[in-house]
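Each of the next two complexes has chain A plus one other chain: chain B in the first, chain C in the second.
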Partner chain A sequence: MADNNKNNMDRRSFLGTLGSAGLAAAALTSFPWMTSCTPKAASEVRGEKTRIGIIGPGSRGQLHITQLLQMPEAEIVALCDIYEPNLQAAAAICPGSKLYRDYREPLDDKDVDSVVITVPLFRHYEIAKAAFAAGKNVFCEKAMCYTIDECYDLYKTGVASGKIFFVGQQRLFDPKYLKAFEIIKSGELGPIVNVRNYWFRNGDWRRPCEPEYERHINWRLYREYSRGLMTELACHQIQNGTWALGMYPEKVMGSGSTIFWKDGREVFDNVAVIYTFPNGINMTFESVISNKHFGMGEYILCNKGTVDLTRSRLYYENPAPKSGMRQLLGEIENNIFTNSAFAGTSFVAETGSEDKGVSIMPEGLRSDGTFEIMQAFCRAAITGVQPPKILEEAYYASVYAILGDEALLQEKTLTLDDKYKI
Partner chain B sequence: MKDITISGKTLRREMLIVLGCFIVAVGVNVYSIIKYRTPFSEIFTQIGYTLILTLALLIVVTLIRLIVCLIKRIFIKK
Partner chain C sequence: MEEFVHSLKNPAAPMVYSAFGAMHTRFELLFVEKDEERGRRIASRIEDCVNGLEKDLSRHLPGSSLSALNRAKGTVRVGDELYFLLELSEQFRAGTEGYFDIAALSRTIARPAYRTFPPTHSVERASEDILLDLGGIGKGYAVERIRTILNEEGIDKALVNAGNSSVLGVGAHPLGDEWRVEAAEGGEVFRLRDSALSVSGRGPLGRTGIVNPRNGRPVSEGPDLAVTGRSALVCEILSTALYAAPEEDRDAIMNNFEEYKYIEING
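Then we have the complex of A and B:
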């Protein structure tokens, strides 16, 4: 309960900031999809609800259910899953909803206005396309689809339908990221020179299940259903570069292999990918799931400073010097305790800066944008107005994640065919 | 328990020693400000460091005085 209150406070203060004069206009210019997050947008939908069906309420779907139950703009009316334990677990969180076992049933249900699709990647295209055909608004978890062709077709279908179409790229609504990108786009830190992303874990990525459900539950590990680290993790981080630079990569190359978890999985357990933008700037994505020392990191490197997006900290290239007294004490300490080499190497390692940086957002801000993006979807579903740019950002994040995976598989440098550019 | 009486002369001497340490610490701060070209407002903003340095100097001075006192006693006894 305390946590919930804290999160609500965070959201209120964040939205309050967005609603304040001056910043609001600037923020909405840089982040046009935030239009449905302002206090004005909230007042426009007051008292109205969109009726939602959740298709595939596994772990992610159940998180959405928990959050949707807190939103005055949402009413969950239907749950659908072919895996009975997940369906029953979701029904326990959200009693009173209609239960379906075939995704076509909630799509035929006239009481359902909008669907949240949280099924394995390989089924996104089929279900989302059917949802648009049935006249539903669609919130689909990332990545958008399994192939670039599917992404392109679904994008066109979504736009042509006139319905609301969101993909779960929640960083677009994360207050930490919004504030960081506001600083980056102000030019205060100089031009961007590099984008560095990594996601390290130490675990097999498996979920316990009966052997007959292995491929069904652990779908992330099999090529038939997933592109592994690229669509599950890189998809979020690749967006940082395109968002920061306001352009899309020209080419992608990389290497991937299975080095540790040789347990029958078909997707790589370590990847290193480089995306190069038209202006020559590189964006890297690295992921290893057999060592978690570095955890998750997302950095925008500018000429005058580095922004750590995940920790919401800013490191200036030339940080303000310490006080004279501290410098003097530090110098005395160095003179006393540092050995001077007399016959060793003259090489001094260029170790990284030990500057602790400055905080961009208040410590303890816990929202990651998941609540905000879903609330924005609900509001958009009520008003019928698709927020600008949100779908395009999601489309390119998915497309470049898939292109990166293709580069790993083909062991080639790949470019995105012009026909997929929107 | 026996009362300890500190004479005015002793008290004044000890206070002068503390003041002396404080002045030296302020002097070090001023020196570092000039050496590293930092703002003179650090005379006030770095007062915490100045006080810590004062204390450190006081400890050093006290140790020296104790040693001197000890040596004096040894020689006087002889």
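Then we have the complex of A and C:
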């Protein structure tokens, strides 16, 4: 409970600053989709709710349910899954909701305004398209779709529908990322020179299930349903490059293989991909799931500093030493006359590589944007106003993740066809 | 300027703090000044001065006067400032039993390593293998130049810090009779009032840039040494020389410099 309170405080504090003078204007220019997170946006929807149906409440869907239950803007009215254990687990969290076993049922339900789609990747396109046809607002988990053609068509469909369309790229709402990108875009750290992403785990990525549900539950491992590491992990991280640079990659190349988990899976367990932007800057994505030493990392490398996005830390190329003189100033300000302990051998700027960096956001902030993006979706569903740019960011994240996977499969350097540019 | 702060939080002591990078380290200034714009102008003037010195006197910058001298064949005319420092360095080499030597990094042991010609301010190295390096005098000289600027600007209470190893107290602390600077590792407290402090020894990674001119090898043992006295320039020269010299030679060196003291710290 204490932790929840702390997170809520942190979240309120951060979102509060968006509504204050100074940061608000800058933040909303760089992150226009945050319009739905301002105190003004909250006041506009006070007392109103969007009625939600959850389609596919597996682990991710159940996380959304627990968070939606905390939001005054949301009311979960329907749950739908073809896998009975997941449906019952969701019903236990959210009793009283209507239970459906075919996705068309909540789409036909007039009590449902909005749907949250958390089904395996290969079904995103079909269900989301049907949802727009039924007049629903759509929150679809990432990646947007299985193919680039599907992404493009669904993007067009969503826009033409006039309904709200979000894809679960929660980093767009993560306070750590927003603050970091604000610093990067200020130019304080000089030009961006590289973007480095990696995600290392040591596990088979399997979920326990009865044999007959193997492909249903472990859909991430099979090509028919998933593009593995590229759509499940890279999709989040490669967004960093386009977000930071304000442009899209020109080409992508890479190598993928299955080196350790040779258990019948069809997706790679080891990938290394390089995206190159029109200005020559490279962005890498690496993932191996048989060694977790490096964990997850996302870095924006600038000429004057490096931002560690996941840990919310900033490392200056030439960090200032801890200054005894600065401390002395503070003491004089407080009318204190005492010794200043700083004399020693020369501080040498080049030793800065051992610098431990500085924290960008308050320690202990655990929000990753999942709550915020869902709340923004609910508010948008109530007002009927789609936040600017959010769909475009998500579209390109998905498209370039898919293009990266195609580069691995075809063992070629690929570029995105102009017809898919929006 | 990397940092500039003007603080009026203590009405009895309106302060300026500024910091900038130069000479491979960080310079910091703290002085009493009520007017922010004036404080900023003084801080900028000081930064410009130190940057100018580095451009002229660094052996690491290909365009510096010192680099030109290190490349020159035969006699070469140099600017007044460099000429002054070269003459001074040779005098201090003699005064420190040879342990302060701006030619210590050379591949030859020829001494004197260079000749100076006063009428034309020209210099000739003893051989092309002579490499002159003002690293052991540059910060101390820069701190003295800063003292001059502060004096010209009428600043009578200031603390100047060049990378924590060269410190100058101008006048007194605004709330006391002196500036009290303590060794970073604790222990010794140096009371500075119109006086300076220089520390030489191994750096944070256990390395030192000081070379023993007698054998050309880096000095890698012994506790750090602190020298206090009137001039930041002399303090830096002495701390460098004393760190390079064997313990038994130190008193002989110090006998040449009245009113300067040294002490081992962080031992």
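Just so it is clear, the second predicted complex is superposed on the first by the 390 of 422 C-alpha atoms of A that agree within 3 Å, B and C clash if a C-alpha of one lies under 4 Å from a C-alpha of the other, contacts with A are read in each partner's own complex, and residues count from 1 in each chain.
We take it that a contact is a pair of C-beta atoms (placed from the backbone, for glycine too) under 8 Å apart; a residue touches a chain by one contact, two chains touch by 3 or more.
Bear in mind that the values here come from a model prediction, so they are computed numbers and not experimental data.
Note on chain A: of its two partners chain C and chain B, the one contacting more of its residues is C.
By the document's definition of touching, neither partner reaches A:Ser43: not chain B, not chain C. When the two structures are aligned on the shared chain, A:Gln410 is found in touch with neither chain B nor chain C. Residue contacts after overlaying the shared chain place A:Asn318 against chain C, while chain B stays out of touching range. When the two complexes are overlaid on their common chain A, residue A:Gln327 makes contact with chain B while staying clear of chain C.
Counting contacts as defined above, chain A residues 321, 323-326, 328-329 meet chain B in one complex and chain C in the other. In the complex of the two chains, the chain A residues touching chain B come out as 321, 323-329. On the side of chain B, the complex with chain A involves touching residues 28-29, 31-38, 42, 45-46, 49-50, 53. Taken in their complex, chain C has these residues touching chain A: 2-3, 5, 7, 9-10, 12-13, 15, 17, 19, 21, 24-26, 28, 30, 139, 159, 161, 163-165, 167, 173-176, 179-186, 189-190, 197, 199-205, 208-209, 224, 226, 266. Residues 318, 320-321, 323-326, 328-329, 332-351 of chain A are the ones that touch chain C when the two sit in their complex.
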